[in-house]
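Same chain, two partners: subunit A is paired with subunit B first, then with subunit C.
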Partner chain A sequence: MNLLAQQLVNGLFIGSVYGLFAVGYTLVFGVLDILNLAHAAVFTLGGLSAVWLVQAAGMSIWLAFPLATLLAGGLGLLINAAAFAPLRRRADSQFSGLISSIAMAIIFDAAALGLFGARSVRFPPGTVKVHVWQIAGVTITSLQVGIVLVATLLMLILTLFLQRSRTGKAIRTVAENERAAMLLGVNVSGIIAFTFFISSALGGAAGVLYGLYFDSLAPDMGRAIELKGLAVIILGGMGSIPGAILGGLAFGLSEVLTVAVSGTSNLRDAVAFTVLFAILLLRPSGLLGRGKLREA
Partner chain B sequence: MLEVHDLTVSYGPIEAVREVSFRVEAGAVVSLVGPNGAGKTTALNAVSGVIPARRGRILFEGRDITRMSPHQRVSEGIVQIPEGRLVLAGMTVRENLEMGAYRRPRPEIAASIDRMEARFPILRERSGALAGTLSGGEQQMLAIARGLMAKPRLLLLDEPSLGLAPLIVRLIFEIIRELQAGGQTILLVEQNARQALAVSSHAYVMENGKVVLEGPAESLTSDPAVISSYLGQAISSPT
Partner chain C sequence: MEQLAQFYAVYGSVINFIGINALLALSLNFTLAAGMLSLGNAAFAGIGGYTAGILTVHLKAPLIVSLCGGSLMAGVVGLLLGMPVLRLKGVFLAMATLAFGEVVRIAAVNLDITGGAEGLTGIPNITRTWMIFLALALAAYFMATLRRSRIGWGLISIREDETAAACLGVDITYYKVVAFTIGAMVAGFAGAMYAHLNYLITPRDFGFFIAVDLLVYNIVGGTRIWYGPILGAALLTALPEILRGVGVAAGPVRLAVNGVILLLVILFLPNGLASLFTRLRPVAVKTGRAERT
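Let's look at the complex of A and B:
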């Protein structure tokens, strides 16, 4: 019973990181109907640069975390300018953008390898002071709580920003209809660039939190989360922010529950993706999908 | 206020508008009429800037705006209410109105929304509803109100009566008359040529991407060629 409770709690922690990663992914999709397949590479570079800032530059994590997040946002601007903006007027821009974002991912992965080396790294001991609590036989660390809080806070801020702020509404307007946005006086290409900035910043933040949680980062860490992130946004409903949060939690939970029930981690991914298919059978547009389905 | 000189606009190799010239004086209502596919929407889109001009010049208050970005043109006061309305279906009625005032100073917006809701009570009633849930007529009211929220100096109105019930169409033309009485400059595109000419001082007839006729609205209304081609047979002219 305790093991189950422990796994549920762990699922919540990792699920919040998946959610944060997926929220950034789905934001770009929701606005532009395109997948930015370099998102996982930004996640990796965000995490690795935070380690570098703490280790080599001697910064506190409280400074390194926001800096790495901003840096990741900058990568988002670069992705937009190099991989998407030049193709935007093409009729096949969704497909060609997809391919050029894969090219960006390859370049970023190579940069990660060149800059940070192939070995896995970790934040130096004592980067975050960790308290360990035992509550009803369940072990929770202050680090884990901090991760959930930061991830939740970022997702909450994003949601409020999109709902309430002038720029957030402009982002939603571009998502609704680019032509209408232009006619209303929205600087559409500026808003698109900004959307990439936020999306990638959140992806980079997720990379830092992921690295802190697993206490290990490597240039290929994006692989592990890439497909999960896609699964999560499909699960949540493409383009839906709350859907991505919920999908992230559902995915995290189904992963750890599989481990708890089967006693091994071999089945973890298989079951998580099976759950994905099962949910999509019941709700083809995803948990919170906009319900728009292709007409038969 | 607006002068368009030898405008050519193309989609790929197809020239949808060819060397078209027209002008709109301040305070006037000018209409662009003609059959489906004539290039009226394309010409309007070039004025608002959402489609680039291939050749020719567009002057607004004497300034060349041919290469100006669409959002800057909105700041200059060129506001288009597009064909098909393009309301933001997944956003609330109020948010649609707010977005209409996107380029205006924030402190003015609430009062403007109040005025707009007083003019169009249905928009106050449905303030919190998603725009996509409104009826076609209500969406057209919203599109007009949203356009007016930008405080247009030149209003580009594209087929405001398209696909609407006769009662709503009458309402729309009432609004146009009201705007005209208030001194609003309007460039109106309509397939409903008879009603468009009735509210206009001047009109251009387009066909196959060219302006084929132009003149004061009254003289076009009484021109036999125009009557037979554009105003239909069932003429019950008031003269």
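Let's look at the complex of A and C:
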């Protein structure tokens, strides 16, 4: 029983990181209907640059974390300017945008290899002071709690921002109908660039949290989360932010529960992807999707 | 002649892989011709490769039987998968085929008969270069013929506007399943050849990133004509060797140059490399953005 409770708690922690990663993914999809396959590379660069800031520049993690997040946001602007903006008026922008984002991912991967080397790195010990709590036989560290709090806070801020602020409303208008937004005087290309900034900043933040949680970062760590991120946004419904959060938690829980029930880690991803497959056939718009089936 | 032999001795494996990758890219082109984005063709290649490998290693089947067996197995799975999945469109179809691919990969990792994560070993290296390029030539000829046939026009009409095609009496489901199954069979055949080229196959050989590579070959080469995917596969498979020949050192720099070339092709050749050789109907300009419902 304790083991199960422990697994559930662990699933919650890792699920919140998946959620944060997927929220950035789904934000761009919701606005542009395009998958940004460079998102995982931004996630990697965010995490690695935070390690560099702590280790080489000697910053505290509290300064390095926001800086790495901003840097990741800057990469998002770069992705938009180089890979998406020039293709926007093209008829097959869905396919070609996919490929140009893959090209950006390759370039970012090369940058990660060149700047930080191929070996896996970790935050220096003592970057975050870790307390360990035992609650009813379940071990929880202050690091885990901090990760969930930061992830939740960022997702909460994003939701409020999209609901309440003027820019947030403009983003939703562009997502709904680009042409109408333009007629209403919304600066569409500016809003799209800003969406990329937020999306990538969240991806970078997820990279830092992931690195702190697993205590290991490598240039290929984006590959592990890329597919999971895609699965999460489908599970939650493409373009739906609460869906991505919920999907992230569900995916994290399903991972640990599969391990707990089957006793091995071999089938961890199999269950998740089988569920994903079934959801696509039965309810393609996802758990909280907008019910949009036809691709324009 | 001697120089040619020397060239082959040095670059033989690159030439073989160009052929295999071109055949795989062509297999995806059957589905792309109808505007369907499938990320499952790497998994079909895996099914073909494993089936052929098991036939050869465990049942001592001759090469041609193994190759056809792998291709047929991939075709049957493609047919069974295609019927429910092809109702989905666009990114959703891509995701469903992606999930299928992951399930196949994980199955290959966990089954005993496939050799688990270490892969299936001891497959004899009996695929020859001429076999690969014969298969490629046949597939390309088939593709070129298909494009001009009734089925080809049906597929193009589905790509341009599915609803309109349905109204004109095109049997959409039938055409889609046929294209998907043919693609799966070609991919299975290519995978089976690959298995007999490489001594061993592992689940990693047919993962998500291979599926993405196939799409990249198609878009870079051009999806609208039969030699587009072949051009794309040839260029991108040979690119690391070309860069090495030009003196670009291995590692991050070569990776970055790879990415930049890909980006430049996408930005400046909207119809892919094939548009350098033919005048295709321009698709670069969008007349009006389709409204979303």
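Methods note: the second predicted complex is superposed on the first by the 288 of 296 C-alpha atoms of A that agree within 3 Å, B and C clash if a C-alpha of one lies under 4 Å from a C-alpha of the other, contacts with A are read in each partner's own complex, and residues count from 1 in each chain.
Assume contacts are C-beta pairs under 8 Å (C-beta built on N, C-alpha and C of every residue); 3 or more make two chains touch, one makes a residue touch a chain.
Please read these numbers as outputs of a predicted model, since none were measured by experiment.
**Q** Using the superposition on chain A described above, determine whether A:Gly185 touches subunit B (first), subunit C (second), both, or neither.
**A** Only subunit B; A:Gly185 stays clear of subunit C.
**Q** Could you tell me if A:Asp215 is touching subunit B, subunit C, both of them or neither one (first, second, both, neither)?
**A** neither
**Q** Quick check on the superposed pair: does A:Asn177 touch subunit B, subunit C, both, or neither? Answer first, second, both or neither.
**A** It touches subunit B and subunit C both.
**Q** Name the contact category of A:Ser100: first (subunit B only), second (subunit C only), both, or neither.
**A** second
**Q** In the superposed arrangement, does A:Lys169 touch subunit B (first), subunit C (second), both or neither?
**A** After superposing on A, A:Lys169 lies in contact with subunit B but is clear of subunit C.
**Q** Contact-wise, after the overlay, does A:Leu113 reach subunit B, subunit C, both or neither (first, second, both, neither)?
**A** Only subunit C; A:Leu113 stays clear of subunit B.
**Q** So which one touches more of the residues on subunit A, subunit B or subunit C?
**A** Partner touching more subunit A residues in the overlay: C.
**Q** Give one of first, second, both or neither to describe whether A:Ala231 is in contact with subunit B, with subunit C, with both, or with none.
**A** Second partner only.
**Q** Following superposition on chain A, which residues of subunit A contact subunit B and also contact subunit C?
**A** Residues 176-177, 179, which sit in both footprints.
**Q** Where on subunit A is subunit B touching in the complex?
**A** Touch residues, subunit A against subunit B: 166, 169-170, 172-173, 176-177, 179-180, 182-188, 290.
**Q** Subunit A touches which residues of subunit B in the complex?
**A** Per the stated touch rule, the residues are 48-50, 69-71, 74-75, 79-80, 82, 86-91, 95, 98-100, 102-103, 106, 146, 150.
**Q** Which of the residues in subunit A come into contact with subunit C in the complex?
**A** For this pair, the touching residues of subunit A are 29, 33, 35, 37, 82-83, 86-87, 89-96, 98-100, 102-107, 109-111, 113-114, 176-179, 223, 226-227, 230-231, 234, 238, 266-267, 269-270, 273-274, 276-277, 280-281, 284, 292-296.
**Q** Which of the residues in subunit C come into contact with subunit A in the complex?
**A** Listed in rising order, the residues are 37, 84-85, 88-92, 95-96, 98-100, 102-103, 106-107, 109-110, 208-209, 212, 215-216, 219-220, 223, 251-253, 255-256, 258-260, 262-263, 266-267, 270, 283-286, 289-293.
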